[in-house]
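Down below is the structure, laid out as structure tokens.
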């Protein structure tokens, strides 16, 4: 059974996702970077298919996915038929790429926002999308006041300052109402799955929203190292984490509003995991071109241990941003569809807490990933979806769980 | 209720443990570095009391603990009465400090091994020890063939090549038979809790043995970083981990046999956690004096992720070896006593898997610490011993567990 | 022969300098961190004496140096008589500590700027200072238009926006005119030795000015690593350098104007040393309290070598900011006095290029420190001031130099 | 004017050298990694031509250089005519690859050593080599007692334990006697340029020998960082340097004798640069396949600075071993020929000190590279060979040198 995926924002991540899936289907590469590989009963990795793609970059609109993929992987010589079939449609801009060196166009500037939304819904309808993935340039948003308010803004064409993400959220809701229930995965920092009114709107439309902000980078590692320390009661005196990269996402973060949004997500992880405040300096720090998509991360933690001993941990990493997120998306798309099939509505903390930096619903804590992983495994077990228990699961060891799940 | 602890090997770790406990009891410092702090119902940290101490260093025998502590902490000016009460008794040597710059003496050289053992048992009897902690200089041993064989060796005074640890294990068994059941915690790499015959001997004497090799250093961190990678299916191409320090333990590892023993423990963690083999270079690498007890660790991991992307993680740490282990021992002593009280016999994987590098019983895998931690929490919950659930426990999140434990 | 030093800004650096000198004079510590130790003929380290100190912190004014030193070294128990003799006098504020948690007062707010300057000159006169060291909170300044203009501003009491450093520079000039020639060492980023009009003003008063911005931190190391690469023609694709600390200097850099000033100094070093532009991200990045005076530095350099091979160098350092600069000041004070004695006027690139981040005079390049060091050694040889040739000097190896200096 | 180069040991370094030169000549890549680029008057990089190659690997003998290069660069598709012209001739083995997974053959096993040497000389004669480069697998050797003794050993066919390098040195001497003067560059740790008798033998034959052990890796960087510290009188408490790689060189170092040889070279650099002993742990530490030719280096230095402050520097690097050395060889070949043309005989410290880990002649110190570089620049200036002064040269700044060289 194929899962029909609609991409919103055909950038580096979406292009890596498209290429990786194509290569996997051709048997060229394995399933590295996809957490649950092919251990999920209902859907194999090969069942994920990109059937629609939207972007606002004038240089991409109208091209095939293969052509866009080649912008990011210029040495790619092979043709992938599955990537030639899909063409990039125009999207809604609303200033989402402001200050970036992109020649951007939005349908709304020609036909107004409401009509633009109907064009988008139409595009999704034609390709019959099951799951939407929001991958537009990092943008920040305050939680949405009410869905009704959003509705009014759009009807009245008064969309000054409206985040593009909210226009897509609205389009997804219209799609859910008029076509069929849908799952919307918000992989960027905009407040979506943490917005009570948006979650309720999806609930009412028998749909699902997951988010916010895919946990692909250094923050999950920080969270797990903090967990490691917390379990030993080695108390951090402070945490410093630098991130610098050379892709469009880091360039976008030079914009102060975007940067602040990201900083908030990242710093809260420390107090969330530890349960108390420690001095931190955790920021997406800068942009320098030569690093490309492979960001440089540097982390410093100083801890106080037994007998007041002071330890230090320094982590330096080079992490490919885009494939890290793309690999998670292959899971998210499948889990979203499974939840949809099983009759879930609104959002699922069980999924968000492992895959997202700022897990919805509103008010949720960012827990250590390693605990989040166990919660997710437990959910999958309950759903009867795991064909094989990961060796690193507590279910293999905790007697009551072994009994319940008959392991 | 006091737990009466007998130390075997009054070196850096034991002295840090003694000092830390004394300072905690005086209210000078907090409980940093002790994983379960004061969240264990039956025993508070303050209940742990060192009542006996054995060593083979001629410069220590006869001194008070306070005097020995000052060898390691020369700037210590304060007097701790509790440390003045206990004096270091002579121990069994059997060449355990060979090649080290220590003037060592063993009782066995004067009275033979069997009598030496009875003197030791006598010393423990006088102070009424509940728990023994083996902290002698790192030594390696093949699994013990049979306890009966050990008995014969000792009776016949044919102890050439016998690890000193086994003489103490034997003494503990005699103590258990003739005085009262005891818990023996083996914090060094000798094969004790992984030795079937030793575990059986303790079972038969209503006693407990925990081990082997306290997981205090870089290996647990490596294990958790591997877990982090495994959960995301980022596949390591290889793992390099260097350790270098300036304490006696690293000096001892210059001895090839000892080094090999340690290397084995450390490398197996990678395949144990991942479930497959990857090229590794993990060794206690060297000794250089200036680092003192604060070792330098450097780790390199290269991984293959989605779309064949190559990431790199480098960790550099400065870790105080002795307090890291001492903090764990404060837990181990209490958990051992709780298990003893509750009627457990032999060894407990639930405890060993979190605290030990090579967890017994024989054939056990070294799992990631973060999973081991959950197993331990579950055991403590079952024992009704947790006064407070750690926030980073799966029990807070997995519905079935919440139901069972009424959380 | 004593060199009488007047401190301007009795903060962490000046207090470390005072304490270090006192401890050296008492024979408690050696000469670590002082580049030319006691190899300078005219003045020994012990000849440097702090005779005057100025500050604007209301909590320091009136205290002895010893009391101020204790604010930074609270565990200091010993009394140093030499530190008790000097008391902190009030200084000129001009908003130099704006946005910092300091209760600051400036004489100028009571008596106007011109009178304030005369009070300062008077204070220096009383103690007979030979050398002044500017260590006030990091401030930035455009090059001074003309000394005459400065004169007019001060006479007319129109000093809104005037950097405090320029008021002290003016005071030094008045001192040079009315008392005796003086050397002014500018250890902060304000534009002083790079200001043509200031250098000329000192020339005309038979005085010397050295600066700007003591090269104490990570930038000299970066410069020498770049030199290492340049000598092998390994071409950097980019350079990233993060700095974060917990002292007042880093707190001050949260102020955008100050930060920009610093960033400029730091980034220019790359193109200055390499001779071409490469993408860089070099900033004093942030403040986090737990690091204290021991900042954390993280550097990433990627290079292209033979056959297009890509290498990577990552440097992580913990560097004590204040003693690093204090150690250089012990040299600078002596070299300044030597130059003054020898009849030099204005500024000396031979000295600035090794000790300063932004060496004057105006238009000078920041060369690699390791080359700057050789230039300085050569100058000292010409002055007949070296009692011993450093082993790492080219003069030991280049035949013509050996001949000239008869080595 | 072409320089005709004979390679001894067609491994990774020699193959990188061959490929890099071919690509440079085709204009595909620049001169990165070659210190003096095209700033040497007599010879351009393009003048270096490999005309002969010797190896003992049965899988390489008879192949063209292009075929061997492809073993190391399997994705290389382009044909380079210059690499097709030269074929690998059989060499002298003498056990030089013992313990390595190589099917090795030596001519000497068929015809005896003396005849083998004459065959080699014959091969060089045919191709008219000017410069020989020794790149055989790392081997160690005691300094050669006397050249006469070597002569006798070879004549009598009693070559048990004779290092293969010495057989080639002897062949080079025969070549120099019977064909024409030659330069022999020893890029491996065997004692050649530091062997008094070998240097004399080359002197007597109007020939040149450079060596020993190309300074391509982490040791020069260590040396320059130590220099940086020394110039600031920050005194190292100790130095740790780990190296681990996955090429044949690291595999060979698993052999204890080879490892010890390397360790000696590396550790002496610390005391040589600093002028006093500090505790060090500097070793080629291990082999792990996944790192390939790009070794991982980790370095730790702790220093004592002003006022007894303790700083720490940690360096982590990934360095491509083979191109690092290959780039230096492009210079060495040219400088050796220039020296030969200019009538130099024996060895030249001016060249060795920059390019070699253990610079000859016997008794020479390993100075910091950055000083060595200046000595080399001075020699090139004296030879009139520099077309352009490096910007980072002291000659640009020291007045006497500017005068002498009219800069």
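Order of writing sets the labels: A, B, C and D. Residues in every chain begin at 1.
Quick note on the criterion: contacts are C-beta pairs under 8 Å (C-beta built on N, C-alpha and C of every residue); 3 or more make two chains touch, one makes a residue touch a chain.
Because the structure is a prediction, the values reported are computed rather than measured.
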Whole-Å gap between the CA centroids of chain C and chain D: 42
Cα-centroid distance, chain A relative to chain D, in whole angstrom: 51
Interchain centroid distance [CA atoms averaged], chain A/chain C, Å: 48
Multi-chain contact sites of chain D, meaning residues that touch two or more partners: 312, 314, 316, 318
Category of the chain touch graph - line, ring, star, complete, other: ring
Contact pairs between chains, per stated definition: A-B, A-C, B-D, C-D
Of all residues in chain D, those that touch chain B in their complex: 237-238, 240, 242, 244, 278-281, 283, 285-291, 296, 298, 300, 302, 312, 314, 316, 318
Chain D residues touching chain C - in the complex, by the definition given at the top: 16, 19-20, 23, 29, 31-37, 220-221, 224-225, 227-228, 230-235, 273, 275, 294, 304-320, 323-324, 326-328, 330, 367-371, 373-375, 378, 382, 390-394, 397-401, 404
